[in-house]
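Same chain, two partners: chain A is paired with chain B first, then with chain C.
Up next is the complex of A and B:
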């Protein structure tokens, strides 16, 4: 276990170094002048030069990179050119919204994927499978707009955007995840309103990963169901449901868990589109706004945080696989 | 001056949600009520600090919370009193004396007076951010009595009163707020999320990425605003904004409404399309610093080949017309510097190198459609044109050195608007050498001399002639082709009344007067 943690930490460091180097290489490859854009067209050359010096943009790129790494090591990701605040402060504001959305989407994906996999492994659930496949094959923004038109515009049963109704004041902390904070403070109005706002964006985000998980679980289950221990279980006279849930499912979880880890990347990429459509104040929305204003400190900060998140979640998936499959513990 | 376009069923969750709320007509939050006006921005504004803010998205917030000494009248370039009731300008145009309005208080309850004006002017100079250039020539400021403020300038600044009226001009901030929150950055940290002015609305919430809340200022000195609350939400997806407008969750889409959606909006009985006069001009920069367009004949050929008038009619319809002059209507009499482009098309000579054509896009789709049509027209005359979309900071990087200019695109399509309704704020940075919006490095020493003449003379007719002559030289050089004088188009709920708009403040409505019938 210790070896796993150490190897993952080493991988994390290498991946973050590589990611930040790519961001800085991109900065070099895209000729732009974010400082000029920041100070405005009427600023004098001296004012532009002073601002450039203040922000360190007058230094050669490798020097900027080393300084960035030095600051990042102490938790300082520089200031955003657009919001004029520390990127760490911005991420502190935006990350909880994304974590809540991605977390809800992951839960929906796991539940839907599990139901889909189990139902279809036994040759049932063709209709819901086709429906989900159709939904997952639609471009996410199209699916989001279609659902908004139905649930918001036509039926008026779900909200169109944001995390909370403006009439509700969210509790202060501790996590920034409104559902959790609402529960901690006993504010059930916040919990229900937050869930109400989460429903559509989380579902849109979850559908693609759910279908991928379901298909993987289905084929994995079908393989396991042909194995000897399943035949033995059936021969003992166990109910088919018990055979499936107690004996087959656990040994079939390895592949879906691997797939789940990979889907995290897809989920994090998906938040960019989904947060834009649903005006969800998360890291995806922050990224879109930062890219369009060539706000490199912000883009570099987001890249590092999402990269770290991806590695950490995949490490957790590795642990989950060990728990689910005793054979891996011996290995 | 600034750039405009560089300027978006299943599961327990749904079921539990449906069980908690039986229905909503709202904007993802609260439905429109008589007391709340719901607006949206496509992106966050930078900061609600009037001495730093230098964008267009956010004008509504600044102009509702803060006020300057003067303002432009709606749909006009006439300067009207606001916090100054009258003003005198010395014959040498170096001393401006403002007589201030009495009985005005800041939103924190403290009184407005000359000391407050002086403190705010001084802060703008000290902060020294983008809009500080408007006070760069201030030599001295005096407060001879509590309701008189005197500014002395180092040299003549012909647009000075227009700077005072500009959306980005000096706004008066409560001295108490500035002192209480001074920190070591002239209260800039405080002003990133707070405001304290004399305007009709208080900024009561600034949630970056989510929403800004403006609450009626009950102690406002002028007519009481009609809406108790204005909720501005950040909705980056235009389709999502349109859905909410049609459902009543939004009252206005302030800008960039997709042209393809206009017919649908027109047929919606609850919506109306309003267009206002503006100084927004679309323009095609030509890079004369390298082949092929270092050749005047080829620049002239582009002017003829794009068939400007047809192009503008096809793209803008009734929301724009072929630009009458390099100065938008209202900035300078267009007949002083009229535009005349040749109409006889010219084939690209054999061997003309392939050209790159950059444009900044916007949500309305106008820029990309315009760029596509220009590309077609030029290709029809034998030019090889590669089209690419670029961002604002990329455009700002083109003219940083002769090397970057050599690598910059051959053509660049932009839509721009000036900081104030004065020819100097438009011409100097657009086609003066080294100007901040002179993106493809146009330079003509004669033009620079004329611009300096225009800025330094107190004779307004002679000044206008100098600015006009500078524009005529630009037109003759084919350095920038002016395509269209465009309207500021907004789509809104039909029940909105008292809609007031100032041409110099694009994408903004006067919230203090707006009402719902």
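Up next is the complex of A and C:
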């Protein structure tokens, strides 16, 4: 177990290094001048040069990269060229919203995918399977628009944008996740309002991964259900429910867990679109705005944080697989 | 059917208590008109062990599952199966589940796959026993040492024998009246098999549970069964007291099975007696006696109608054969072919179009000086760090050119690793491997079905192998047909794919591919352990023939001492990664020197039906 954690930490360092190099190379190659963008078109040559020197943009690229790494290692991801605030501060402001949205989506995807997989494992439940497949095959923004039209415009059940109704003041801290903070402070009005706002965007984000998970779980369960140990469980006279949930499900978790880890990547990519549609004040919205103003420190910061998140979650998936299947513990 | 039922009643006369399992005229058909069982009637008395013997496809496992009410919903079932008076045919899933839970237990073939890999064994037993304490008690009754500690372990942490004891504990945990044991020892080593068979007998004696013991091996059934039932083509061929069926069989199939059985004293100079043909295809069964196409006594009347079981002429049981009286006598001759070591029959068909090098008998002069394979002090370890274990530990052996060496040992002794290193599939950590001239060694695996490419036809596979030999396309085609003939397959097999072939045919195809370009050394990894008795004998004969004709040396890895003795000029016994005894094959069984060899020899089932 300790070896696994160490090897994952090493992998995390390598991947972050690679990601930073890619982001840095992109920044160097793209023919836009962040300094010029900062100081404005009317600045004098001298002013530009002075600013360039101040920001270190006149040094050779390898030196710039090393300086960039050195700063990143100490938690300094430079200042955003657009917001003029440290990128770390910006991320601190926007990341909780995204984590809350992505977390809610992950929970919905796991529950929905699990139900779908179990319900359809024995050849039944064709209708829900087709329905979900149809939903997942629509691009997320289309799905989002359709759901907004129904639940917001037509039925007025769910809000269209934001994390919280403007009439409610969010509690201060400690996590920045409104549902959790609401619970901590006993502010149940915040909890329910936050959940209300989460419902649509989280569902739109979750549907694709849910279908992927469900299909993987389904085929995995179907394989397990033909295995000898299932026949043994039935021979014991166990109820079919027990056979399925206690014996088959755990043996069938490996592939869906792998799929779940991979889907996290898609989920994080989907955040960008969904946050734009629902005006969700998270990292996705921040990224879109940063890209359009060639704000490379911001883009680099987001990339590194989301990359780290991806690696950490997939390491947790590995761990979960080991918990689910004791045979992996010896390896 | 009334005669059969009456006869069974008569036969069971001493048993006054109601049978634990009463099967009446049971027929099971699977989708695709696969007739697995066609009217079988069988009773099991309280405390009785019935050995149900048959080849693969005979319907024996289906009968076991029917007794448990575990047949898949797609199966069409008629007749009646009463488990302690509860109907298991046509009743609801829930009724059958409750009957199963209350009255039955099951032990299946492979304890590794039959136990849930993700659940501690104690909990798995407790599911059947009702509580953890009852589970510990069941483990104790199944003679699992340190039951408390074992209960906290996962299946993969136990040895094969212990796993099967856990399965048995699970089967007996609910004090069932019937235990269905489906090939419970087939996946185990011979010494472990002997222990498990003894355990099952003890459990019957202690608890009075009846046991339906399903096996393909008459000798194993003989070890513990009170009565033996022989199944063929979904029909009961013969049933009677174990000693009678073994020693006074009167169905020609039972007679043939006894004759084809490879024993420790089968003459090595002649081919093994074999049954012609293969078991019937359950999708296309003949209207008459299913055994008639292979039966030396068959006459037109046999093909007219299914023979019903009637009182056997030689024992107290039943037999379904029009010629039951004659079969025990001299008229039945199982085919006895002349020795491959002398003047091989069918040499002309073996004489193929491509020069095969010098032909000679296995004991004759060798074409190349020096050994076909020489392993000197090889070592191999697997695992990392603390878990690193030597699997092969300073092993030396020699296979002379044209000679044959059988490498025998129990699972985990390192025999397969040795073979893999010998053919270059694995590199040794230390020591030297010298392969004689004449091209790379060829390999035949245990599971022929899995070693063939599913989407290629047999012809394509053979031609692919021949392409490496530089033959042009027409020559390759001619040659593949010749090779198929050589292994006793018709030419039209070339157009088929593996799944369209029977198990025996697949093993022949694997063999054909291995010898298509005759190698100097043929390495076989348990090629017969997955085959039924009569097919195993056929494959052994074929190997002996091919070896004599092609002048190949052979390294034959097996856990079966009798097969080793038959196929090997010399036999080497392996244990713990080393060779503990090596000698001429005749001596190993008759005069084993090492205690481990003696234990292996002692554990071979010997057809001594207990009283």
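One rule holds for everything that comes next: the second predicted complex is superposed on the first by the 331 of 331 C-alpha atoms of A that agree within 3 Å, B and C clash if a C-alpha of one lies under 4 Å from a C-alpha of the other, contacts with A are read in each partner's own complex, and residues count from 1 in each chain.
Going forward, a contact is a pair of C-beta atoms (placed from the backbone, for glycine too) under 8 Å apart; a residue touches a chain by one contact, two chains touch by 3 or more.
Please read all numbers here as calculations on a predicted model, not as lab measurements.
In the model built by aligning both structures on chain A, chain B fits alongside chain C without clashing. Residue contacts after overlaying the shared chain place A:61 against neither chain B nor chain C. With both structures placed on the common chain, the touch criterion links A:250 to chain C but leaves chain B unconnected.
In the superposition on chain A, A:266 contacts neither chain B nor chain C. By the document's definition of touching, of the two partners only chain C reaches A:239; chain B does not. Applying the stated contact rule after C-alpha superposition, one finds that A:229 touches chain C and leaves chain B untouched. Put simply, more of the residues of chain A are touched by B, taking chain B and chain C as the two choices. Of the two partner chains, chain B is the only one that A:202 touches; chain C does not reach it. An angle of 150 degrees, to the nearest 10, separates chain B from chain C at the C-alpha centre of chain A in the overlay.
In the superposition on chain A, contact is made by A:93 with chain B only, not with chain C. Put simply, chain B and chain C get as close as 30 Å, counting only Cα atoms, in the superposed view. Remark: chain A residues 30-34, 36-45, 47, 82-85, 90, 93-94, 97, 104, 108, 111-112, 141, 145, 147-149, 151-153, 156-167, 192-193, 195-200, 202-203, 276-279, 281-282, 285-286, 288-289, 292-294 touch chain B in the complex. If you check the complex, the residues on chain C that touch chain A are 68, 70, 93, 97-98, 100-102, 104-106, 108-110, 113-119, 127-128, 154, 156, 167, 170, 174, 180, 387. Those residues of chain A that touch chain C in the shared complex are 227-229, 231-240, 246-247, 250-251, 324-327, 330.
Those residues of chain B that touch chain A in the complex are listed here as 1-3, 6, 8-14, 16-18, 20-30, 40, 43-44, 46-47, 52, 54, 128-133, 136, 192, 207-211, 213, 231, 233-237, 239-240, 243-244, 246-247, 249, 391-394, 396-398, 400, 404, 407, 419, 425, 429, 434-437.
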